[in-house]
Amino acid sequence: MADVKIDHLVKNYNPGVARDVLRDINLDIKEGEFVVFVGPSGCGKSTLLRAIAGLDDITSGDLYIGGKRMNDVPPVNRGVGMVFQSYALYPHMTVRENLAFGLKIKKIDKAIAKERVAQASAMLGLDSFLERKPKALSGGQRQRVAIGRALVQHPDVFLLDEPLSNLDAALRVKTRIELARMHQERGSTTIYVTHDQVEAMTLANKIVVLSPLTDDGAASNLEQFGPPLDLYHAPANRFVAGFIGSPKMNFLDGMIEEAGEQRTRIKLDTGISLTASVDSSRGRAGDKVEVGIRPEHTVMLDDPRADNRVTGTVQVAEHLGAETFVYLEVGGKDFTVKVRPETPAAPQSQFDIGVPADACYLFDAKGQAFPRTARFSRT
Amino acid sequence: MAVTTVSIEGAGTSATHWLKWAVLGLIALINLYAVTLMYIQGETVFALVFLILVATGLYVFAAERAYVHRYIFPGVATMFIFIVFPLAYTIWIAFTNFSASNILTFERARHYHLSQTYRIEGQNYDFSLYAAGPETYRLALTAKTGERFISEPVELRIPDAKAQPPAATAPIEIDLTAIDTPPDQPPLAVKELVRLRGVMQNVVAHLPDHSDLRMSGMRQFSATRPLFQVLPSAQGGDGSILVNQQTKERIAPDMRLGFYRQINAEGEFTGPGIAPGFSVFVGWKNFLRVLTDPGVQGPFLQIFGWTLTFSFLSVVFTLAIGTVLASLVQWEGLAGRGLYRLLLILPYAVPAFISILVFRGLFNQNFGEINLLLSQVFGIRPGWFNDPTLARTMLLIVNTWLGYPYMMILCMGLLKAIPADLYEASAMDGSNFIRDFFSITLPILMKPLTPLLIASFAFNFNNFVLVQLLTQGRPDIIGAQTPAGTTDLLVTYTYRIAFEGSGQDYGLASAIATLIFIMVGILALINIKLMRVDR
Amino acid sequence: MAMVESQSVIYRKLAAHVFLWFFLALIIFPLLMVIAISFRTGNFAVGDIIPSNPTLDHWRLALGMSIIDESGRTIPPPFPVLLWLWNSVKVAVISAILIVALSTTCAYAFARLRFSGRSLLLKAMLIFQMFPAVLALVAYYALFSRITEYFPPLGLNTHPGLIFAYLGGIALHVWTIKGYFETIDKSLEESAMLDGASPWQAFRLILLPLSVPILAVVFILAFITAITEYPVASILLQDEAKLTLAVGSQYYLNPQEYKWGDFAAAAVMSGLPITLVFLLAQRWLVGGLTAGGVKG
């Protein structure tokens, strides 16, 4: 068991030539936490994970595991276990040999090694495959061997790089639940990389959102680090707001009409005015802003909480049975709303939707969020 | 990854750490000694190369930050020694007069002259040997006056005749003391003396009066003196001028010709070169000889022309036969394709040095089976090895036989990649087998094949083994200054200049080799360009 | 090639078979001829393809046994062919093993590790392997006479020296093996390193066992190259007892002492095993040759 502390970490694969992949990353991961790294493809999630494991070296900054500086410690001595996206099972070894390889290399007592392999194999249900080669296993079985191989090392920190991405949807849900159970049982610090919102929201104690570094001006590509619901309700900026939540948040351009500590009036480019429960005291009337509204936070016009009204043209309506999504065009921008099942919405027709003031997010011209004064929940 | 590996190394116990440094230190010392030795002997180039290799090796294995380079060092070092260095050294030799007559370094030639001796008339001694154990003898000398001298038992081992180089053996110094009567045992028979002659020639006998004697006849030792001595600086010597002690003539090294020559009082060279010569830098002389000297230029151009023709025709013939056979063998409807393929590959599977020699026998004018067949059917017995045109034809026949399977194998691989529907589509258009071959198969094959064809051209350009084992370049070109034949390729030509006949003109050979390097290098560059375009 | 029109297909097939058989007869003729000659009496006699009165004399000589001719004289074997074959096999096996070892470690570094000069070295290797050793024979000779002076066991006229010289030709093999290594998932070794393996252990326990097929190909290629190599061996080796087969065989056809029959037997005896090795291995070799070729 150990905590992981990352201090001003910078990673550049080819300093001086290439752009930084990670810049000024600061993280404080507590012992036993389940932390998930999310972000668009290529933003450096795997790189950060590999830097923690010691597979890539750090360009500058420090990494501490269990309070010890680990920058120059070889992977094996960092007390980490890792599951690779491709599983990386040794093809020429049986499942048993795969599990026992690390113990053998470390010259761990045979009896203890056997015990640990047996334990892991029982826990992951691998007992009947132990003598098979990886080629003769299904995707899910391979994935469990990969987890088992990390488990037998009794790592202090468990690293997983998109471990479920090669599995089909059903197996993914099942394994996700298993992973959550395993984390509860063992309580080891776990860092997990994924693309999947649901995995992130359900598994994580805390989520790290990374963004790709595009211009050289950005100070850091760590966008936000916090509990899942904080990221959902109080995103630090437009990037996190757009990234967390599915379907994605809708954004409308406008400017501040009347700033305030509890409430803010905004004039949208479409001409209508909107009231939002946002503290805009650091802004002034006339500042350009963006309003964010989550599809699932819209209400019917007859709802008492419908403080504002937004009107758009219906593009498509998707009836999924349990819910209906209507895709609108509002002032030249896409605007998705989630409405009651079977709400009629004919294409090209006008569609009015209510937006509670508590449901609005507000971002300044740089994309930084104004603090919200209320959290909206639909029920 | 580099960071982590370093720390693993660092984690080694201190005992192995010390051992490692001790071993590295020892290696460094031994090699430093060897380098110094080479340098003193005048082998500057070799000493430098050796020093560079050893120093990089030591650095790579000693420095933690060069850990990764440890993986490549052995391989890259051997490639350096056996590819890069010989290449560079060949180019270097091309600018020297290195040859059989100028084979030594200056230091060695000087040493050779200084160790020459001459006999002083009148001071002759009869000698005899007395056995004193296995390969151990006592040397006894008797002067004309009756004085006798004898030595302690010394070992006289007959040197291994194959040892290289034989002349480098050190003199065997033997001290003698005066005695009154000869030992009472029979001296060695003449037969034994003959056997030991080689060793005895290296013996220098020291008499009590400090005179040095050397063997001067089958049974005789004589007083000798060094023939040359360095001219003392008091008499205007600068250390390079030697004085012949017998004639008092002065000689000095001519650094342009690579020989010691007699000089007159003004220090001008007057005499011819005195063997052995030494190798000196001669600038572009060898290249100028190739380009302008008629005795060299004529054969060179003729051989160059033939080399180009040979390489080009070899590629064309093997390619033509290879593609046709490959498309036949890939034809799925054809029964027994596997067997055909196996039999067709046979010439490639038999080691070339065997099949070439087999052809040499088969083409023999008098005993060869080919002429036997020809004389039975047509009544002719062509002189395959005597007529230039026939000899060239024979080379091409044999080379095609040797080379078509490789082309066939390559084409088979490439043909597999042509989609069948191309042929189906063209069959719809009413095309036929032959037209398909020229309009579909060949154009598609050509693009990936081009770099391989250039490589094949370069290979045949330098097809040493074929010519050396089949014709050795013969029949010879009349009137050539150096050994040169009508079937010689540039490579065999250089080989013959370097290793055949009496001239052994390494400098000229290397100049031609350098020209070939340039041509091959151009081909290599073209090839790399082409391959990159393909990707 | 799916033949759409089936009318003339039969004629075409027939023509193809006839052509192939005719061509094969021409191609195989020399090989059959040597076999026949090896059983024919005498060294000059000309005769039929199937010898009229076959003899095993040439084979006895090739196998190192003396024979007694009609006049009762004992004829010793002209050349130590078996010894030459042994020399060749010895040199080829040892150099092939060393070449595999050297090129594998090099290829590992080129495929997996990052170091300064990597791409430069790779390109240089491609260019330098185009220059045949024949062109630098003078330099080879000079180099080895120097080595002889300072360290005779590795010098002229020694097998270790010859093996040492053959180790220079690893460039193409490095490329071949490197290409193969790059097809193996890198995370296998990373995973091994997390499991506690040193880079060397990851290389030995994970990468090597997975690369056995390509290493076998390189071994066989290096073996065949070494066993058929002529120019360098002919410069470095001098004693009859030290020659390799490739250098020694030509002495049979010396115009002064023409031993055609003896040569035939020696050639068949020593050439057959090498040919068989090649034919057995050709399935893998052909892939390796074309891959190596196409990749350069």
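Remarks
Labels for the chains are A, B and C, by order of writing; each one numbers its residues from 1.
Assume a contact is a pair of C-beta atoms (placed from the backbone, for glycine too) under 8 Å apart; a residue touches a chain by one contact, two chains touch by 3 or more.
Everything numeric in this text was worked out from a predicted model, so none of it was measured.
Set side by side, the interfaces B-C and A-C show unequal numbers of C-beta pairs in contact, with more at B-C.
Among the chains, the centre nearest to the mean of all shown protein C-alpha atoms is found for C. Work out the mean CA point of subunit A and of subunit B, and you get 68 Å between them. Mean C-alpha positions place subunit B and subunit C at a centre distance of 21 Å.
Subunit A and subunit C, compared by their mean Cα positions, are separated by 59 Å. Under the contact definition stated at the top, the residues of subunit A that touch 2 or more other chains are 54-55, 74-75.
Across the assembly, subunit B contributes 1-2, 4-5, 8 as residues in contact with two or more other chains.
Shared interface positions of subunit C, i.e. residues touching 2 or more other chains, are given as 193. Contacts from subunit A toward subunit C in the complex involve residues 50, 53-55, 74-76, 80-82, 84-86, 88, 90-92, 101-102, 105-106, 149, 153.
Taken together, the subunit C residues at the contact with subunit A in this complex read 185, 187-188, 190-197, 201, 205-206, 209-210. Residue ranges on subunit B touching subunit C, taken from their complex, read 1-2, 4-5, 8, 34, 37-38, 43, 46, 68-69, 71-72, 74-76, 78-79, 81-87, 89-90, 93, 98, 162, 164-165, 168, 325, 328, 330-335, 340, 342-355, 357-362, 364, 367, 369, 372, 401, 406, 409-410, 412-414, 420, 423-424, 427-428, 433, 448, 451-452, 455, 458-459, 462, 464-465, 468-469, 491, 494-495, 498-499, 506, 509-510, 513, 516-517, 520-521, 523-525, 527-528, 531.
Within the complex formed with subunit B, the residues of subunit C that make contact are 1-5, 9, 12-13, 16-17, 19-20, 23-24, 27-28, 30-31, 33-34, 37, 44, 46, 102-103, 105-106, 108-110, 113-115, 121, 123, 125-140, 142-143, 145-146, 148-150, 155-157, 164-165, 167-171, 174, 193, 198-199, 224, 227-228, 230-231, 235, 238-239, 245-246, 249-250, 252-253, 258, 260, 263-264, 267, 270-271, 274-275, 278-279, 282, 286-287, 289-290, 293-294, 296.
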